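Below, subunit A partners subunit B and then partners subunit C, in two separate complexes.
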Partner chain A sequence: MKEEDLHQSKDPASLQLWMTGLMRPEMSCTSCQDNVLLRPLHGRVWKMNSLSPEVALSRISPELRPLLCSVVRNGRVGLDSSSCLRITDLKSGCTSLVPGPCCDRFKLHIPYAGETLKWDIIFNAKDPELPPDFIFGEDADFQPEPSELPHLASWDAGKPECLLQLVKELLQQYHQYQCQRLRDSSRLLFEYDSLLEDPNYGRSMEIYAGLKNSWTGEFSARFLLKLPVDFSNIPIYLLKDTALDPGEDVALLSVSFEDAEATQVFPKLYLSPSIEHALGGSSALHIPAFPSGGCLIDYVPQVCQLLTNKVQYVIQGYHKRREYIAAFLSHFGMGVVEYDAVGFTKLTLLLMWKDFCFLVHVDLPLYFPRDQPTLTFQSIYHFTSSGQLYSQVQKSYPYSPRWDGNEMAKRAKAYFKSFIPQFQEGAFANGKL
Partner chain B sequence: MGRLVYSACAKDCGLGAYVSIMAASISGYTFSSVCYHSANSNSDHEGFLLGEVRQEETLSISDSHIGSSEFLNVIEVHNHEPCTQLFSFYDYAGNINEENLNRILKDRRKNVIGWYRFRRNTQQQMSFREQVIHKQLTHILGIPDLVFLLFSFISTANSSTHALEYVLFRPNRNKYNQRISLSIPNLGNTSQQEYKVSSVPNTSKNYASVIKEHGTEFFDKDGVMKDIRAIFQVYSALQERVQAVCCEVDQSERVKEKIQEEVNKLKKEIALRKRNSAEEERRLQEAAVVMLPDNSALPDSSHSSLTQVMLSGPSVEPSLERPVNSSSPPIYSTTLPPDSPSAILLPRPQAVGSPGHPSPSLGLGNGDGSSSDSLNRQATGQEDQEDDEDSSEYENLVSEQLQPPSLTETVLLGRPATLWPDGDAHSPPGS
Partner chain C sequence: METPEPGQADGEEQMVELRPRTRSNPEGAEDRRSSTGSLNNSLASPPQPAVGSRVEGEGEAASSDSPLTSASAAAAPVTIPPSAELHLRAPRVNCPEKVIICLDLSEEMSLQKLESFNGSKTNALNISQKMIEMFVRTKHKIDKRHEFALVVVNDDSMWLSGFTSDPRELCSCLYDLETNVCESFNLEDLLNVILQKIELPQMENIQTIPPPFVVRTLLIFSRHAGMLQFNPSDAAKKMLQSPYFFFDVVYLHNGTEEQTEDTSWKDVYASFSELDSKGMCYCFEVSLCGPALELHNCMAKLLCHPLQRPFQSHASYSLLEEDDAPENEATV
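What follows is the complex of A and B.
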């Protein structure tokens, strides 16, 4: 979406909301009631039946609003931090005679282990200093220990982050509760214990247990693991290209066990949008199927390594491209017209051979040097019938990925000399001045 | 009282089984009082339920079991104690302060059977803090069957419809979703049901003092209303009289029955004597006509004379001689044959001229001079000697047309078979 698509709103508040990406698409601008297409937050489009955070906040009792702001705007809990906490079903505990806004109870949607927990949070608008109460939805057996909830015992309504911290503490106990439920299956308990022992995975794991397979009615569970892959060295340019707010770079591996004996296992890899783009899209990375009779402690490192290799390859490719461009700059000097100084993916040269001037466009692929750069020779004199400059693309020429940048530049120079006569003839023959 | 939907435990002891069931009841005024307090609060509201738990045992015997016992635990809510504000007896973490609890309950602590909470627009499910508090209350108050009554007030978005929902929970062993049905007597269509008196005792002190002061006018020393005793005495007296009357009626009925039997008996005698005297009279007349033509002193009103019958006295053989110049009608003493069925053995009179059969006797005898046989003949109409038809027609005709009306009953009861002159006994037709 381009900048000029944005309606020139005179309302700074709505503009600010756009900047933070919190306004819902197709929401009317508050100042002039025009429909504005805005960026969805984190690449996720709001569903038509859910409340945007700002609308929800406007209905909350004013005394409780700061607590909810913290949850809605900064509320990233769990491994899937790209998904925000969401509130719905706002209701009031006051009589209908009390004028609004006075909503003081709502449902909080929390992403967890691939599921969405729906917890009821109950405040009292007439006593906003009191801590809330919770109803844990379908998890009626979840009974957290109050003594392990410090933000509940020392509740301070004056601290806006108090509710968010309390929710995180509850989630920690919820995680323990779900792990306890794995005891129904010794096989799955083994999977959990083995992962727990590994510090790479044990601390970044969410488990949702006790699912019933809709077909067989068997006990099932889902493991969500955050893969310890270092994405920090991915060049910044790869991330900037996304049209979306990048958020945190994370790779999550979800493994669903549809039966207690682990005979039906379905893995899935989730990448944050920036990483997905950096690696070349969703089709660029395929993880292997879960081996029959295998276990997570063997499979997860395998996937991790695959992803790491891919990332390393991408990083190396960046450096290799930079080296290539540097070498060409060195060899061709003033012949370089322009080059991509951020991603080092393009280079354009203006060369002359026997008074014949021509352009050479070099396109370096994502998986350079494994993939060969594309050379596009372009005449500056001749046009094709469609009005474009006459050009020829060369994808196969002497090349080896093992050459360093200097060698590639030298070899390219040699190739130019050998190919240009042929190109010139073609330009004269097929192009027109 | 609503019966239960929750069965606490059932055991098979081999010989029988016992089931423990729980039910709950709350009086209408207590329920409305709780609702009133709750609905008037601008936030969530809570308090305690006061009452008692009764246990009833029902022993039933059926063909399948030797015996089974059913224990019904009835939780009765008599009253409630609202809390003035939230967190009045517990802190933010849900830890109960027993001192505050006692200050709220005072001397009614022993009457606590549960507690309640009112919250608008929330699910009918115990919340996290409610579970924490309930667990502690169960322990502190020492009530293992502590119940929790949850009120939810659900309103539509435009506030046009409001629904008050209530659920009674009876948590057990960390299971906080077990519910008990709560009944409210007389909350319903009383036009279809009988108005029930609540078993909830009246705990009002004023009421108790008034009853104590004026009670002696209505109640005796045993606490039973005096009127009831008086009515019961009247009832007993009436019962006795009725019993006595029954006996008298029984006796009188028996006497009446005996008298009736005698009357019937005598009627039969009368009828027989009438018939016999009529026959005698007729024979005498005929004999007089044949033998003595000038002797026409026939007794007049023979018919009427024949009707005079002596009801008592020994049987007398009828005289063969006709009375001469007799102004008083002859008195015949009739005697019923000692054995009526003996008439069965009498020879059946035959029609005149019927071949193979002895001629019917014209007189009272049957030809051999005996006269007693004629008296013993049953009035089956078979003595009609003027019929010249054959024997079967004669028998039928006589039997159907000429039988005396007074002896009809006897005929219908069973016409005995008559003995043919040939010695065979034949049943009359139609018997």
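What follows is the complex of A and C.
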């Protein structure tokens, strides 16, 4: 997408996403001519000419409006629950004599296995009771089995959910169709079958088997898996900070096979924004490379375990920090200045030693107690020569992650007593009153 | 820690304010009645030490602490609210503070009587300016959401700066101030100036839902214009009684020797304390003729977050106490 196109875009959301760098070019859709930049899990990405839900709804024929409504307003069909369905190319099959709004056909963009499917959905404004026709983009071979489409067999234009449900059923069929195409590569078929047998993954997969490259005869595929990691015990305060609408908390693993023999395999992890934030930011997305000669049924559980460990660390860290602060309040409670009563990430104490008042700021890291808290000592009387508060940071003082909170508080007190005299001396020697 | 307090269930607050042991109240043990079961005020030492505390009045606490013990002998205990009133406390969450620093610019502030560290004489305005700068910078370092405002008090009060979360903005107004002779202290005017600029939060459940912010007035005051003439408006009364408003005072006085009029500094001090109907404010008295260190230390104690700090009489900062295990485990 050209930058100048974006700048003229009337959709502030897409401009903002671009500027925050959330659009990642490597996910550009290869089947789409316009090189749509796709970033699932980070809110809506509007293509230049895609319509906002309100505009689409205002132009569609009134009888069809309820059906479209449930699709555009938070209709989600696939694994990637944070990406919305988009509408483009809204057209009408009526003559120009028919007064608007009377649009009855459009393209629906569906995120699937890291791609975007573009299906034409064609109603007839003059006969709104009838179910629509579908054109499945360039997948001319895709011929869904009508008997597997209950919402087609008992189509009820009066039920607003009907179209959305039908699209879901079609998508399931499409998934089967793609899996069939894996037969062109026994290696990839093996990967698929072995995952299918495992109840942890078998039911939450989306497969896209790309077109064979007519030059090289090479075949490629992408597997998108929803990872069965339990995020439910992550402390709530870590999750509510994100400004983006995360939808469901989910971890998706996308694995691209660039060749049929699985020698070029590129895995990538996607986390809902709030989960990514809770696990420490973009470093949470680091996963091991796919081992050469390895297979998904071994690799995927590894990634799950890695994520689960991170979640455990974060949960444990929260409880440990809480215990630490409780212990410090026990030992120093009458001199507490402030402490973080939500995430327990920091605490400031006011202490006195021989009439000399000083502050201790304690910062507790995300992966406490593995990572040691930082202590910052501050004199209340002194500034530095450049006018800043006079303070000194201590990162390595006697510490063991195996001590409980009580022990840490006791040892900290002992450390303060040993350190303060020299801190005071330094303050009076180097600080400005 | 687990023993239920009699009378607590009905949520009614007595003189020693009982708070529910919610998740955000780690020091539930602090609010125990004295062992005699009497509804004594906070002047009596609580026999059960609150978590981590020492019995009040011990050791290192500066003389500016626990002033109520001296004041109470003369006047009626000042922190006891009329028993009919309910005083609910907000949970102990470190929500953002809006701190209104009110600096007295009467001429007493520029008397060169305070003894600085190197023995030379300095004045209260000088020290106050430095300590205000320390205060706002430190609060900002602890939590960038805190906001500050500066009000100067002459015969009337004037709002100079704020609210701002940038300490430099406030400090830029802080150093070009001059003192002058002031006739009287108009507390009503000060409160009205404040009232115009703030809107206190209204929460459905005071005890369990943390407010989005609290407002704290920090008055540094030194003139001796007699007892406070104070007839608060309804709005001012409501503000003073709000669980989200705090009126902290540092009172700089000439000391006990100078008792020129009927009112001594102790009476003025007591009348400030009377403003504190909830018993949660901090009120310090410092002698203008003493070491500047005292004033420094008061400002440091005023750093404490009003929702998380102990009652002033319970506060203790000493590091030189004995190393004994805490009586109770705090829960957070």
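Assume the second predicted complex is superposed on the first by the 370 of 433 C-alpha atoms of A that agree within 3 Å, B and C clash if a C-alpha of one lies under 4 Å from a C-alpha of the other, contacts with A are read in each partner's own complex, and residues count from 1 in each chain.
Definition applied: a residue touches a chain if its C-beta (ideal position, glycine included) is under 8 Å from a C-beta of that chain, and two chains touch if they have at least 3 such contacts.
What you see is a predicted model, and the numbers here were worked out from it, not measured in a lab.
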Side-by-side fit of subunit B and subunit C on subunit A, or clash: fit
Just to be sure I read the superposition right, which of the two partners does A:381 touch: subunit B = first, subunit C = second, or both, or neither? second
Who contacts more of subunit A, subunit B or subunit C? C
Partner chain(s) touched by A:389 [first = subunit B, second = subunit C, both, neither]: second
Let me test your reading of the model: by the given contact rule, A:342 touches which partner, first (subunit B), second (subunit C), both or neither? second
Is A:354 touching anything from subunit B or subunit C once the two structures are fitted on A? First, second, both or neither. second
Once the structures are superposed on A, label A:417 by its partner contacts, choosing first (subunit B), second (subunit C), both or neither. second
Looking at the overlay, what does A:333 touch: subunit B (first), subunit C (second), both, or neither? second
Which holds for A:91: it touches subunit B only (first), subunit C only (second), both, or neither? first
First (subunit B), second (subunit C), both or neither: which does A:399 touch? neither
Considering the aligned complexes, could you tell me the closest Cα pair distance between subunit B and subunit C in angstrom? 52
Check: subunit A residues flagged as touching subunit B and also subunit C none
Complex interface listing, subunit B residues touching subunit A: 39, 42-44, 85-87, 91-95, 119-123, 125, 127-132, 155, 159, 162, 174, 176-177
Per the touch rule, the subunit A residues reaching subunit B in their complex are 91-96, 98, 105, 120, 122, 124-127, 130-131, 133-136, 140-141, 143-144, 146-147, 149, 152-155
Residues of subunit A touching subunit C in their complex? 322, 325-327, 329-342, 344, 346, 348, 350-355, 357, 359, 361, 378, 380-381, 383, 388-389, 410, 413-414, 416-417, 420, 428, 433
Complex contact set, residues of subunit C against subunit A: 24, 26-27, 50-54, 60, 62, 91-94, 116-117, 130-131, 133-134, 137-138, 141-143, 293, 296-297, 299-301, 303-305, 308-310, 314-320, 323, 326, 328-332
